[in-house]
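Order as written gives the chain letters A, B, C and D; numbering starts at 1 within each chain.
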Amino acid sequence: MKRKAHTVLETRGLSMHFGGVHAVDRVDFTLRENELRCLIGPNGAGKSTFFKCLTGQLNPTAGDVVIRDVHVAGREPHEVASLGVGIKTQVPNVFDGLTVEENIWTAARRWHNAKRAQTLTSDAIERLKLGDIRSTLVGNLAHGQRQWVELGMVIAAEPWLVLLDEPTAGMTHEETARTADLIREINHSATIIVVEHDMQFVRSISQHVTLFHEGAIMMEGTMEEISSDPRAREVYLGSKA
Amino acid sequence: MKLNRRQFVVSATSALAMPAVLRNAYAADDIKFVSILDQSGGLDIYGKPMVDTTKMAIDEINKAGGLLGRKVDLKVYDPQSTIQFYTQFATQASAGDKADVVHAGITSASREAIRPTLSRFKTLYFYNTLYEGGVCDINNFCTGSTPAQTVEKLVPHTMNKWGKKVYIVAADYNYGQITAQWVQKYVKDNGGESVAVEFFPLDVTNFGPTIKKIQAAKPDMVMSALVGGAHASFYRQYAAAGMNKSVPIASTTFGVGNEHKLISAAEGDGMICAYSYFEEIDSPANADFVKRFKAFAGDGAPALNELAARSYEAAYLWAEAVKQAGSTDRAKVTEALRAGLGIDGPSGKVQIEPKTNHAVQNVYLAELKDQSFNIIEKHENQPPTDTLLVCDLVADPTQSTFKFENGLKAAGIDI
Amino acid sequence: MRELREMKATWIIAVFGILFTLAGPSVLELFTIITLAQVIGLSILALSLALVWGFGGILCFGQTAFFGLGAYAYVIAAINFGGSSWAILVAMLVAAAFAAILGYFVFYGRVSDVYLAVITLTVTLILYSLIRRTSGPEYKIGNALLGGFNGISAPPLNYPWDASAFLFPEQVFYVAMLALIIAYVFCSWLVRTHFGRVCVAIRENEDRAELLAYDTRLYKLGIFTVGAAIAGLGGIFFCIGVSRVTPDVFSLPQSALTIIWVIVGGRGTLIGPILATFALYYLTSALGSQSVLNTNLVLGTILIIFVLGVPKGVVPAISDLMQSRRGRKALRARERRLQRRRPSSTHNATTTEGAE
Amino acid sequence: MDLLVSIIFQIVYVIANLALISLGLAIIFGMMRVINLAHGEFLMLGGYTVVVATNNGVNIWIAILILSPLVVGLIGIIVERLLIRFLYGRMVDTLLATWGLSLLFIGLITSIFGASTATTISPPLGVITIGEYTSSGYELFLIGITILLLIAVFLVLKMTTLGLVARGTMQNAEMASALGVSTSRIYMLTFGLGAAVSGLAGGLLAPITGVLPTIGTVYIAKAFITVISGGMAILAGTTSASILLGAVNGVVSFVTGPTLGEVALLLAAIILLRLMPRGITGSIFRKSL
């Protein structure tokens, strides 16, 4: 249990400015091992920009990102991913010209020899119930299926830290529920950050939630704490209106 | 032209005597004459007139009854200004068509690409372009003029006329480099001074900086060995800067691509060039040649220059050799050619010099006026003195090299 | 399963290639065999671009830079060593080393696609200009003068490590065909290895590959370098076939032709560009043997018709046609794909625009 | 001193020359992301327009300043309607199609006019004298007209509706079509404008370089490199790249000769693209036209 207290990801004074816009402004954030953390906030709150700073897709203007004692701010995405981090971006980000199986295999093969990669690929396909379409080109699949393929790529690589940006975007109700199950399952072996819009979904998976507003962390706590907070309600209602 | 009248009569009667059916049957037995010259791409300004005159020569030969009673079948390949097609068509002509003779090549690069192939397949080869000299190959007859033949006359004449300080501009490749060396030698021999030598890549079109340098150097004359379509801009820009009025130009290359028709009279007037042929040569043979060519090529007939005229003459040189040898066999024709065979063509007498397989020919100096050349001097029977310095095929007929490939110095000529 | 089938296709094609090689000299005329060496050299060049562009997704406009460097390096080395055996190795190494340096600048500088095309082309044009400016006697490497515009005559191939025994034209043909077949099988194998599949994945989606912890720069550099070595090999046979190397190997028309072969043959196949090279070469040379139509006129028309009518290239178009005959099912799937692709691709386009 | 002035004049001329041959390509590339490999042939066609017109007795100024942009602009519009419009968004395909077009034009002109064409035009405007040195008055005219042309293109892009809509379209084609702008018509006119500018440039250069069917190949590589070095912004890109590359070329040509001058230009372009992969205007002057 003492491992649970161990910090695996930390940002210190992380800032990302685009011209005069402070998309992320001096964010200090800590994530402990085996956590399942949701980042929420209205559109433009800066959570996606924050996410991209973690994955190396953006080079932060200032501040630092530390993953397991490695300073990764400004590093290339592949260097972040090489630490054993599984990443799923907002738009379905897959290899359209490859089959489902090849997509997932490419992810697994990065870490394992050919034989083990094949096993992991088959496992992932089975877990995600992609068997019927395993030989279909991903470019031919529906939006929701493409999301699943991308999740499969994340699982097959067996990451210890998983960063998901809006994993349920464009999914049906049923698919969302399955995704929630899957994320809880992954959480048995990995620490997870989920950026999400869908409050119902967040409620169904999360223990701990961070609320972003105007580029900064407004508050952190359980979903109950946040939804009962008047300021948070205002942020959300304001943005919805 | 000195067509052998007796043979003409004999072959003509024998052709007539033969039943029509038999004559057609003989088509497979045609003499094969292959011409490989660029008709598209950057070099077509040179290649097209050469092909036109070659066609005319073969046409005339056939109308006169062919050779040895056989029809001469001309096949023309267009290598599209790329070396790789030269090699391919030369292989096709020699190994595939089994050509009796190949007339081919404009640049030295193209000649060097095909010379070994034609040697290997024992196919007689004529190269009819003016070039830097130095080919020493028993199988290769180079009929064009070389720098020593033309520059030797051009330099003293223009220096006497204009002055002793010469600024040399030349194309940046083997021909330009070697010609520039000959110019420097003859300038020195005649007590002059070469104030600068500048080389231009073939794709340069802006000569502004050089024109300023020429103005700064204040020479008495400019000697140009510039080559190709892009380089024609030099003369325009030179004239635009008013320089053609103060520092006149002499050239060893201007006009062979019919540049004198491409620039206006005001820009070109006063330039002096030296070649072994000008369309304006005043002789009955040439007047007749020009007339026949205009009739043959029609309205769009290009101006005639050394390359075009020499292609025509070379076809006749070969035809004459075939007649004398009584065969198209390579060894026999070569022997006939090297026995000092000559013809009287539109440029005057052209004769093969046996030590080099080059041509002894007339050299004319001409001054440009209103887009045409006025002949001012004529030098008869000029030997290829430059190639003679390095080549003696009489002493060693097995040679097959291009002695000037790496410049004059490498060939042991120190000038 | 898919891979197994495809590798089987590779072997079938290779067997056809070997049959052609063996039958060639007895079926074809000698002059055809002789000229084939240069066409084979060009088709190896096309193969290298098919690998780099079709599979690596790298639009290299200047593949001829490596081709030409290979040719020049071979000639210079062969003249200096007095034999062709080591020269072949040197040529491939020089081409690969040059590509590695250029690729390092380009890929590690994160140069975008269009600019990559232009930079590689510019490098080729620079080499073209540079080599054309070396006509003076002062430009020599060892015993080999560079010759500028006129180029250098190429020493023939000889028996391995016996410089005095030159190969006959038929033997040159065998060696060239062998090189082509080996290069083809090697490329086929390469795109099926882990390395090759990652390269294909990068072609499909470089960001995703990055996020899967692949250093995409390294993979692109790798396939670029391998492609350059193969292009260099093509250059060797080309200059042996032509018997001369001239700056034309770096020229703009040569660069464009190489792209045309790959386009006509089809991106994403290896055999397509090879066949396209043979076909188009014989078309252009046939055009050169007639004088009715202007060669440029015909070539230009063909190119335009191809881009408008068969933009995917011949081989993919034929396999598409065969697939669509297999049943309506495939057709329907493609329609669905097209419908879906449209909204999602525009979506992608706008997001990348926004991210820039 | 005279030498210095006349050298500076010459370098300015080299720069203007570079800008002149590149501008048409830059318009088409900057606005439409189409790399027009037939650009050199548009220049060539401009030159032929002038030669044919003057040979038929048309005043040389009318031929250069009015006919050459008009004829080539029309050819551009025809080409866009028959070919380019089917290929938008397919960069490589447009590249190949325009390459085909380039071969086609060369073949066509060679078939019609032959490999070389007699011309009697020579650069008008006489000679200007700087101390002991003389330059062509026409070169001075070319410098002036290049500046005027740049200003004119600036005004068209900045002031006219066409320019405004075209810039909007080039920023975001979809939004423009959502606003009811006919992108198809805009593309057609833009391509026509680019072709007309190229035609004018070709016409202007004809008296000083002459015309040949293959003359386009001399220009295309340089124009291509200038435009790419300049980046997306049409005017700022072309101007800045022309100044940089032209100055390098001019100075090195003077010091060492034309051979290294060309090499220096190309090397400068490579180094520039290494430092600024999106061209000069991709890094600085980003907001400019």
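Note that in this section a residue touches a chain if its C-beta (ideal position, glycine included) is under 8 Å from a C-beta of that chain, and two chains touch if they have at least 3 such contacts.
Just so it is clear, the structure is predicted and the values come from calculations on it, not from any experiment.
Touch-path distance (fewest steps) from subunit A to subunit B is 2.
Taking C-D and A-C together, the chain pair joined by more C-beta contacts is C-D.
Taking the CA centroid of subunit B as reference, the farthest chain centroid is that of A.
Averaged C-alpha coordinates give centres for subunit C and subunit D that are 32 Å from one another.
Centres computed as Cα averages put subunit B at a distance of 38 Å from subunit C.
Here the spacing of subunit B and subunit D, counted between their Cα centres, is 38 Å. Across the assembly, subunit C contributes 129, 133, 294-296 as residues in contact with two or more other chains. Residue positions 39-40, 172, 199, 201, 203 of subunit B each touch two or more of the other chains. Which chains touch which is summed up as A-C, B-C, B-D, C-D. By the touch rule above, subunit C contacts subunit D in their complex via residues 59, 105, 109-112, 114-115, 118-119, 121-123, 125-126, 129-130, 133, 252, 256, 259-260, 263, 294-304, 306-308, 311, 346, 350, 353.
Of all residues in subunit D, only 35, 37, 83, 86-87, 90-93, 95-97, 99-108, 110-111, 172, 174, 217, 220-221, 224-225, 228, 259-260, 262-263, 266-267, 269-270, 273-274, 277-279 touch subunit C in the complex they form. Residues 55, 57, 76-79, 81-82, 85, 87, 89, 91-99, 102-103, 105-107, 109-111, 114, 135, 137, 139-143, 153, 157 of subunit A are the ones that touch subunit C when the two sit in their complex.
Within the complex, the subunit C residues that touch subunit A are 1-2, 194, 197-198, 200-201, 203-205, 207-216, 333, 336-337, 340-341, 344, 347-348, 351. Of all the residues in subunit B, the ones that touch subunit C in their complex are 39-40, 75-80, 82-85, 87-89, 91-92, 94-96, 107-109, 112-113, 116-117, 172-174, 176-177, 199, 201-203, 405-407, 409-410.
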